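To start, the structure itself, in structure tokens.
Read from first to last, the chains carry the letters A, B, C and D; within each, the first residue is number 1.
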Amino acid sequence: MGEATLTSAPAAPPQEDSTTPSGLPWWANPRVGLLVVIVALVILFSALRPSFLNVDLTLVPMQADLSVFAIVGLAQLAVLSLGHMNLAVPRMAAVSAFAAGLTYDRLHAPLVVGLAVALVVGALIGALAGTIITTTGVNSFVVTLALDFGLLGLVSLLYAWATDGVAFAVHPAGMDALRFDTMNNYCAGPVCGPPVPLVVPIALVTVVAVGVLFRRSRVGREMLMTGSSLRAARLSGIPVTRRIIQAHALSGLLCGLAGFLLAINNGAFSATIGDQFLLPSFLAPVLGGTLLAGGAVSVLGTVLGATLTSVIQKGLNLLQFQLDQLQILIGVVLLLALSLDRVRHVLAERRGVRR
Amino acid sequence: SKNTTASGNDATSALTADQVKIALVPGGPHPYFQPWKAAGQQAKQEFGLGDVTFNETSGWDQTKQNDVLKSLAAQGYNAFGIFGVSPDNINSTFQDLTRQGFQVASIASCPAGTTDDASFCLATDVEAAAYKAAKAAIAAMGGQGNLVHLTGNKVDSNTQRRMDGVQKAVDETNGKVKLVQTITDIDIDLQTAQRSVADLLAARGTDIQGIVNTAYNPAVASAAAVKQSGLPIKVVAIDDDPTILAGIKDGSVAATVAQNPVGQATVGSYALMKLAEGCTMTTPGVTIDSGSFVVSSDNVDSYDQERQAETTKLRQDFDDKYLSCS
Amino acid sequence: MTSTTETAAVATQPRRSRLLGTEVILIAISVIAFVVLTVTTGGNLLQPGTIRAILQYLAVPLVIGLSQMVVLAVGQMNLSVGVLTGLSSVVAAGLMVDSGLSPWIAVPAALLVGAGVGLANGVLVVLTRINGFIVTLATMTIIAGLRYGVNGTGTYEGYSPGLVKLGRASVLGLPVVFLIALVVAIAVALYFRNTFSGRRLLASGGNPVAARLSGISNDRSLVVAHTISGLLAGIAGVLVLMLSGSVNASIGDDLLLPSFAAPIIGGVVLAGGVVSVLGTCLAAFVVRLVDVAQAQYNINPRWVDLVVGGVVLGAVLLSHGREGKDDS
Amino acid sequence: MRLRAQGLVKMFPGVRALDGVNLDLRPGTVHALLGENGAGKSTLIKVLTGVHRPDAGVVEVSEDDATWAPVTFGKPQDATAAGIGVVHQERNLVPRFSVAENIALQSMPRRHGVVDKSAMRALASRCLQQLDLHLDLNRPVAELSVAQMQLVEVAKALATDSRVLLLDEPTSTLTSQEADRLYAVVRRLRDDGACVVLVTHKLDEVFAIADTVTVLRDGRSVAEGRALSELSRSDVIDLMVGRSFADLQPDPTPPKDRSGIAALELAHVSTSVGHEDVSLTVHPGEIVGLYGLVGAGRSELARALLGLDDITSGSVLIRGQEARIRSVADALHRYGMGYVSENRKEEGVFLEQPVTRNVAVTVWRRLSAWGMVRDRSESVLLDTYVDRLGIRISGHKQLAGQLSGGNQQKISLAKWLAADCSILVIDEPTVGIDVRTKASFHTLIAELAAKGLAILLITSDLPEMVTLADRILVMHDRQLAGEVDNVAHDYAASSRQVVRYMHAEHVA
């Protein structure tokens, strides 16, 4: 092993996040690896199916889906920061979407009011989960699992009570614009915006906000410290109980947002909102380098993780596989993408770290 | 920019049959949809269509189904026969596709509520089918006793309609038949259905006389469990999967209500082709019953002819009533 | 889930007694629930048919709970247990129905499929160093594809009447499938309690650094744990085959969450290093009783999930309530 | 067996932990391995036991001092197989396993893959007997006290029947009695022809037991196997520090004014963990020591004071006001009181977090504007303490878990020094800290007190206590047994009194 490279090992270049231990070269950063894999897949799929670059049928819908799943990932990430899990992500989203739908249906409220209601309801349920966890000391996995069951029943009872079926037939003003329009529809004179759906900026603002929270803010950092070591956090003067409840409330709030956006994308506030959120909620952050053990999160990585899964899904859809082939390929591509990332990391470690 | 979309989505210009590429998209993998594959190919041959494909990769997820539909559109498919995963939001999906100029039909399941944003809905009238099934069960029970209804996802408007249909048949007996229990959410997988049926039979096997199924896995499970337990319970199943037909032949299933998947796929493709060729619906969004057929040991060998006749009639109805072609 | 640093942090708290407490409380809950159910249903629960139904359909959740427990012991998770159970059963059914092989070949084949896939999971985890949660999430998708690929949406039926008859038989009033599950549970308990291999898994899960410094290969522990987990899923697949007489590609879809619920309610921690076979079995039983209650009481389907959630949370709060805040 | 290493090099990103170390271990000797925090002692031990692979250098063994066979240790088993036993600096027990099983973990007796429990227990009790330790073999080690765990670690090393035994700071959590028992075993092993390597910061122990010494400085061996009889205490310190270094004591402080309002006052406090009627006061500028045997309940009193256990009766007054402290957060933010935990690894540092955050965690409120923390201010803060405490880090982003044990201890101190408290409760602050840092820490504490901080100091290091404290309270069995006035800082006088109180039952 070359000694020169080691003695002159650069004092770690400015690092993006706290997840990469010091001393690894920039290209060992998992986010870079993900980005490379994503770009490679996009090139591959576009070469195989030029319609992958079709704006209206591929790119725009993909962005809209991506926005939802990035936020779903962040909802899980919020509690992963503590080393907790939130298995009630699906139903927190469903209940929040119900609350928004009810607001529109009964109060004929404007779009933003329903959004606000969804966020508040989500945050409250999250806070409830956090409170149960901190007061009883029962594992978050179990608490949120049970909560999910309970909410599942509640959702169906609520819809049965408030609607004649399982969905609200509401259409608040602005919903269609949010659903169908892209920035391309808004022009200042001859210059029109890019073909980006209007839900994307909402997601983007959320991503930045959560990123700032965990990177810069005291509260976010204290959540991470709590996740890193609960006892050390408590003995360092961090109000751990409050931080745990806040992280769960944040998770609930993001579930609310995800549920709202999905309802917008799907065009209806219905009981099935959120049904498919659970696995993607874990996949995106963990692909992005967030630890299940807590203490380190990567917001950007979560967005990239969500992007990767969307790209794989979309590309393979375009290639029109049979169901079994499709599932097998999704799994294999995921494994390959992850292994590539790992290979890169090992190479980097060979050059520097050996534990 | 709208001009980059796939070919054939210009709503105004009529296509010729060989330009029509039809995608039949069920909600997910399910035995019910399997006949669509062959029926679609048959339609392609018969009508000289550009292409007919069958894609069941939605996996019972509306978001994924939307994704699959758009992918197919990007691939050049321009007419869609869709079983909506979620009847409550499927209209939005239809709007999306029609906005881009594609032909859309809802097949085998209609949207919830009173409006259908697809050109037409060609489906089993689930309420009527459930009604017929319950009737058949009541008849098999000898017109009195306790009945149990086993069905699928409760937060699905079709399930609600099925429950209504069964209730209606029970109500008509003026209290002679009691609907003692409705068990939902056991169509997820076969084990769940088997377990629930076992628990049901253990709990009140001796005081029920009939089981009416309006979902596939419970039907398979209850037929087997009743047969094995030896209880004198009449089971009415759904669909005409080989497993269930075998049950009818050996007597473990009193009757089943067969639907008409082949007719849905063929006639649906036919109508989609006509629409793409420039025809219009006389009543856009009309709901058309594709028929349901009570099958018992009496007609197990002959019901398919009845069904084929229904299919022929359906096609004729489209030409005569539903379509207006210049 | 607690981080590894917290695993080490238990140093000052006596834990053994808590685990025992969980088991004792679960026993109490089971007994009370059973008695209450029996009394309120007018003794219906004691009918041989009812007991048989309860125990027959307890077999699979029990084995699948153990399958998850084995990987939890080394601090891993296996999301593929459910679909793997399905795959093993449809493969075996396919071999009997499509290839006309005897159950003497099909059953070992199902076990082999289970263990083989488990081995692959373990090897992937070790080679790629990717979190087991994610590896098995990916393999879960792959296995689901394979499971569907065997026979599409079709249902296999009418394979080996002997096997199905055995599956429905009872010995001394206890269903054979339940007895098989019981034997499996005892074997797993003995494995963790007495064998060197089992103790190594627990050491790796309890403190990987200490295990490594004591000459235990954590990598090997991971592979062994995943293989056993797969094998148990294979056994669950065979039980499904015996129980029902018909299997299709939907088998296993409802097993994932119960597979976690049983060990975790039973006192196993996600961080690794702890197993409780008794706790897992009891928790599976309690969950089963909830199903039974649902059937016996004819609960409005809309209320079922709410009730189930309440009961699960209640059971967990009761059995873990005194564990203190440090574990959250 | 004689073991020698030559030119060992081990690198971590940004650090050369070992940079050409030579070591020669002869049978029948006790070999001290000394050096400042971060000098590379633990790394050397880990290289010799197959935990780390060296980047360069050779390790050789010889049976007859003539023919040398190179050995490579790829994994820990290899070292065990070669007859090398080790007690690492960090505890390495499986918390839920029994005492017996932990001791036998490396050499589990078994038949056909089934653990032979009786043979295992026999082995374990034999090893415990050597240490004169009586423990229930079936108890999970998680239930043991820290000292007992440490002794189980030693027993575990003994169970491998090694001819070379490496002990990395084995006594840092032991009382002198327990340490004596350990050293008796060490002497016996030496007399049986084994070689024992001892890493410690307690120089008294070194001179009492070791025959030869190797000193590491910055990853290099600056003294290689020299006979201790040739060296004086200050020679050794000079070798470690690299320059002449006087074992300076802080200036004796003048008697404090105790007439004003006490910064901290406990009045007749009883706790849920069994303390009864404990009263004490700490005035601004005062350092009050709390001394006692291990298990006397000093740490528990501190924990109750901070709301981690319950105070059942009596009252706590802070600056004359009755205080209700429910958590450390309360203590810090409402009352300006800080607490340095004795449990570094689990409560003191966040092993998986960068050092900056470890130090800044208590001061984020101060460093932030609009709830946002500026990274720059964190770094500045860290640099201050890196200088003042001589913390060895390779970069601001280094994870605390990658630091040497002593440097981790410094980090856990630094965060409380930074917190700007007016009352500090400090529990065993200098465990595992080298002489030089200890001296600078003592100076720092004296300075803080001079600035008006009220300090409650818990330490089992009596010399340290006498050096720093103005008054020493002696605790016995969760009650205060007496008070020693230590203004003179006279070791002989104070220690005699302290010991008397420690063993007396009650003082009227």
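Note that in this section a residue touches a chain if its C-beta (ideal position, glycine included) is under 8 Å from a C-beta of that chain, and two chains touch if they have at least 3 such contacts.
Keep in mind the model is a prediction, meaning the values are calculated, not measured.
More contacting C-beta pairs link the chains of A-C than the other of the two pairs A-C and A-B. Using the mean of the Cα atoms as each chain's centre, the chain most removed from chain C is D. Taking the mean of the C-alpha atoms as each chain's centre, chain A and chain C sit 29 Å apart. The distance from the centre of chain B to the centre of chain D, with each centre set as the mean of the Cα atoms, comes to 73 Å.
Centre-to-centre separation of chain A and chain B, using mean CA positions: 35 Å. Centre-to-centre separation between chain C and chain D, using Cα means, comes to 44 Å. Multi-chain contact residues, meaning those touching two or more other chains, occur in chain A at positions 156, 228-229, 231-232, 295, 323, 326. Each of residues 29, 154 in chain B touches at least two other chains. Shared contact sites, meaning residues of chain C that touch two or more other chains, fall at 3, 5, 9, 148, 302, 304. Contact between chains, as defined at the top, is found for A-B, A-C, A-D, B-C, C-D. Across the complex, chain C is touched by residues 29-31, 33-34, 154, 180-185, 188-192, 194-196, 198-203, 205, 217, 220-221, 224, 228-229, 241, 243, 246 of chain B.
Touching chain B in their complex are the following residues of chain A: 49, 51-52, 54-58, 61, 65, 68, 155-156, 159, 165-167, 169, 179-180, 184, 195, 262, 265-268, 270-272, 275-276, 313-314, 317-318, 320-323, 326. Those residues of chain D that touch chain A in the complex are listed here as 11-14, 16, 52-53, 55, 308, 327-329, 331-333, 338-339, 341, 346-354, 357, 361-362, 364-365, 368, 371-373, 394-395, 397-399, 402, 415, 419. Interface residues of chain C, counted against chain D in their complex, comprise 3, 5, 7-16, 194-197, 199, 202-203, 206-207, 209-217, 273-274.
The touching residues of chain C, counted against chain B in their complex, run 41, 44, 47, 49-50, 52-54, 56-57, 60, 148, 152-155, 157, 168, 240, 243-255, 291-292, 294-296, 298, 301-302, 304.
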